[in-house]
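Next up: some structures, all given as structure tokens.
Two complexes follow with subunit A in common, the first pairing it with subunit B and the second with subunit C.
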Partner chain A sequence: MDETVAEFFKRTILKIPMTEMMTILKAWDFLSEKQLQNVNFQQRKESLVQDLVLLCEKRASVHDAALLDIVYTQFHRHRKVWDVFQMSKGPGEDIDLFDMEQFKSSFKKILQRALKNVMVSFRDAEENAVWIRIAWGTQYRKPNQYKPVYVVYYSQTPYAFTSSCPLRSNIPLLGQALTVASNHHKIVKMDLRSRYLDSLKAIVFKQYNQTFETYNSTTPLQEKSLELDIHMDSRIIHENRIEKERVQRVTQETFGDYSQPRLEFAQYKLETKFKSDFNGDILAERKEPLRCLIKFSSPHLLEALKSLAPAGIADAPLSPLLTCIPNKGMNYFKIKDK
Partner chain B sequence: MDSYESAPQHIASSRLKDYFIGATPLQKRLESVRKQTSFVPTPPRRKIPQCSQLQEDNDPQKVAFLLHKQWTLYSLTPLYKFSYTNLKEYASLLSAFIAAEKQKGLAVEVGEDFNIKVTFSTLLGMKGTQRDPEAFLVQILSKSQLPSENREHKVLWTGWFCCIFGDSLLETVSEDFTCVPLFLANGAETNTAIVGTWFQKTFDCYFSPLAINAFNLSWMAAMWTACKMDQYMAATEFLWSVPCSPQSLDISYAIHPEDAKALWDSVHKTPGEVTQEEVDLFMDCLYSHFHRHFKIHLSATRLVRVSTSVASAHTDGKIKILCHKYLIGVLAYLTELAIFQID
Partner chain C sequence: MSVLRPLDKQPGLNTATILLVGTEDALLQQLADAMLKEDCASELKIHLARSLPLPSDVNRPRIDLIMFVVNLHSKYSLQNVEESLRHVDATFFLGKVGFLAMGAGQESHCSIHRNTVTKLANTYRSPVFFCDLEESQVTRFFRGQAPAHTTDANRTRLSPWPVPDTCPPGP
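== the complex of A and B ==
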């Protein structure tokens, strides 16, 4: 085996946490059960990696290593930041039957025709999706295996998710390959980005507002307020009880009962004039808007926003600029005065 | 401590007036104790930082290394029997102390075993008035083991001590004490701890981390926005931390520096100074602009960081100074906070 390939194997296996080693190797499905049984998984990681690389040396190629990398990334998809692309067909175009093998070969050909050194690997996934791994090279250099781009394409939909591309100049080519290979006409990058691929899917496929139970949405609220009364001393009363209940109701109507899709941030580029009821003469003569960039960050943004009004930090209903995020499938906004 | 008679009017106190208007914090404190009234910890107005005479004396090149670096802030009580003539001696004593601590295994230094060198030097021009003591700098550098390699010494840790317009503190101490209430450190925490321990043992002083609360962060944002800049290098930016559970939420709000200045100019009424009302109004305008769009009350959240083209400050007591012109102005405010913490 080539030294660089052995190194690639070594570095890929080293990334895998010990607790996941067996699971990922099994999912990779390259080493047989028998071979895996003969490996000592109790030893220190460095020695384990050496043993595994030796095992692979005999018949594994760089493509097998790439597949292992895909499996690792599938298990650790939150380590990448994913962008969302939406494709569209031209007017009057027929919806043809999608052929996965034809898509793969066409996609690969387009990239290879444009760039001399590029390595493309595919791994099929559930829901008619395919994970594509692309390692970019240059005219004179072999593909760099340590900065690949991943594309997850759901073939029954016009959506593809891509991990951030370190070489921005390759993005148009990537877009073109996707569009042409999947028989689409146009591709557009959505203003939506997150580490949580599954949440992006839920937003874009409008699957986030599905609850498993169906019940009358008013009853839980009543139950909640009853609970408060039963467990508390009757001498304690809630101030603004009516207002609190209104806030709860409005929040529930806006956000629903289901768990929110997970996003880490929302960014707003504002170019709006300053207007204030109380400070009317401040900046009154200024025609130019205030140029602001506002960013909300949280481990779970939508859940955090949901808790603001009940906590008294925000008004209810919360601004549509925030509540529209899952509906519009956006977390990057440019807001100007009308 | 000996009582200290206030000196007659001379250049120093007129310089002090350049900075404070009204009573110094210490005078106010005494006043409130006497009258038993509630104590307002900061003066209601401050002068906008200007380029002071003394600052023009200091060489921008020599202090360039202080800019664009993050410093962790501490307040420091006066040093007993510290002498500027003994700097070389202090350097070798501290060097020996560090070596001894390392042998004890207390210093956690990962990597190769290298020799270190300690330097003490004065920073000329780093003061507000002539009365302020000289600022001084302590550095820990690594020495290359190999004599053949004439490598430049790498700076591992830097700490500097200063006092900018520290009259309120200087007035209260006797001549045996040197007042350098503001201490700034850059480098590994373990080194800061060792240096701190040595100073505490040697000069009977006490370091205390200097946090900056939201009130003072708002003041800094207003004052630095008020500073005249020829060129804006950075947006005026605020960071709030929202106390919601179970998920935390951070809100960052950056305004184009020209727009921030326009807002400030519209709020600003008193030439040459900044008042409490103006700071409150400035922040209020930012809050209301935000509320108009997002229906969120920023005033109910915690201001954690402010950043302008002049400097950026974090509530945990971290500062980065970006502009040489207002270096003294920024340090003056921090000195004031340090002195307040010591009192």
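== the complex of A and C ==
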């Protein structure tokens, strides 16, 4: 095996935490049960990696290493930041039957025709999805295996999710390849980005507002009122109970009872004229719009927004600019004067 | 316009009623729980309100003490207190009102300067206490001054309020 390939294997296996080693290797499905049994998983990581690389050396290729990298990324999808692309068919085009193999070969061909050195790997996933790994090279350089781009395409939908591409110039080519290979006409990047691929999926496929079927919808209400009773010392009297209930109701109407999809930020780019109550304010006299960027960050933005009004930090109802995020499927906004 | 007046009702027998006004319900609840744990000469009742005026259709006892709770991390809470102050009769400020400013310990999160609250308290001739609530339910009070380094050595005990027939708030 080539030195560079061996190095690629070593670095890929080293990334895997010891606790997940067995799971990921099994998912990779390259080493047989027998081979895995013969490996000592109790030794130190460096020696384990060496043993595994030796095992792979005999018949593994760079493509197998790429597949292992895909498996690792599937288990650690939150380490990448995902963008969302939406494709559309031209007007009057029929919905063709989708052929996965044809898509894969077409996608690969388009990229290879444009760039001489590019390595494309595929791994099928559930829900008719395919994970695509692309390692970019140039005319004179072999593909760089350490800066790949991942694309997750759900074939029954017009949506594809891509990890952020370090080589910006390749994005249009990637979009073109996706569009043509999947028999679409146009591709557009949505203003939606997050680390949490499953949350992006939930937003884009409108699956976030489904409550679980086994969950009895009457029990949470009972639990809530019980909670209030347990904490209520009879010596503590809440004066604004009606207002509190109104806030709870409005919050529930806006956000629902289900858990929110997970986003880390919402960004608002304002290009509006400055509005001021004072007459003769210098800023209000400007003809050009004031540029301003507002960013809300949180480990779980939508849950944080949901808890603002009940916590007494903001008025209910919240601004529709904040509450429209899952509905509109956007967390990047450009606000201009009408 | 319902305005709170200090002497418009008869006092309850051996009872003291404290009104906490602030936007953050969880904070008020924690404060109230901590206060009730302490010994008090009278029977203590604590009313929690988000803002004033209070709902007028409720029969409530005479309020002996109002504490306005401001979270220094939230301009919204200061705005709320400023608006609520308008619904309190002037005679209340003769020793029956105080201000609690929370969150001074986390300087980087403060969007209201400590002096703003101090000035507000001075305008209304009422004391201001800076405090923070901790997990262990121990509330540390520093009268009139924000804690610079909150070590045990710097902790000062709160002196009792010179208000008759009611018990002092907090430990």
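Heads up, the rule we're going with is that the second predicted complex is superposed on the first by the 299 of 338 C-alpha atoms of A that agree within 3 Å, B and C clash if a C-alpha of one lies under 4 Å from a C-alpha of the other, contacts with A are read in each partner's own complex, and residues count from 1 in each chain.
In this section, a residue touches a chain if its C-beta (ideal position, glycine included) is under 8 Å from a C-beta of that chain, and two chains touch if they have at least 3 such contacts.
Everything quoted here is computed from the prediction, not taken from an experiment.
By the document's definition of touching, of the two partners only subunit C reaches A:Lys244; subunit B does not.
In the superposed model, A:Met18 makes contact with neither subunit B nor subunit C. When the shared chain is aligned, subunit B and subunit C each come close enough to touch A:Ala314. Once the two complexes are laid over each other on the shared chain, residue contacts for A:Arg235 go to subunit C alone; subunit B is not touched. Contacts of A:Leu305 after superposition: subunit B is touched, whereas subunit C is not reached. In the superposed model, A:Ala114 makes contact with neither subunit B nor subunit C. Once the two complexes are laid over each other on the shared chain, residue contacts for A:Leu270 go to subunit B alone; subunit C is not touched. Within subunit A, the residues touching subunit B in one complex and subunit C in the other are 311-314. Within the complex formed with subunit B, the residues of subunit A that make contact are 268, 270, 272, 274-279, 281-283, 286, 288, 290-301, 303-305, 307-308, 311-315, 317-319, 321-322, 335.
The touching residues of subunit C, counted against subunit A in their complex, run 19, 22-26, 29, 32-33, 36, 43-51, 54-55, 58, 60, 74, 76-77. The touching residues of subunit B, counted against subunit A in their complex, run 235, 242-256, 259, 262-263, 266-267, 281, 284-285, 288-290, 292-297, 300-301. Taken in their complex, subunit A has these residues touching subunit C: 231, 233, 235-240, 242-244, 310-314.
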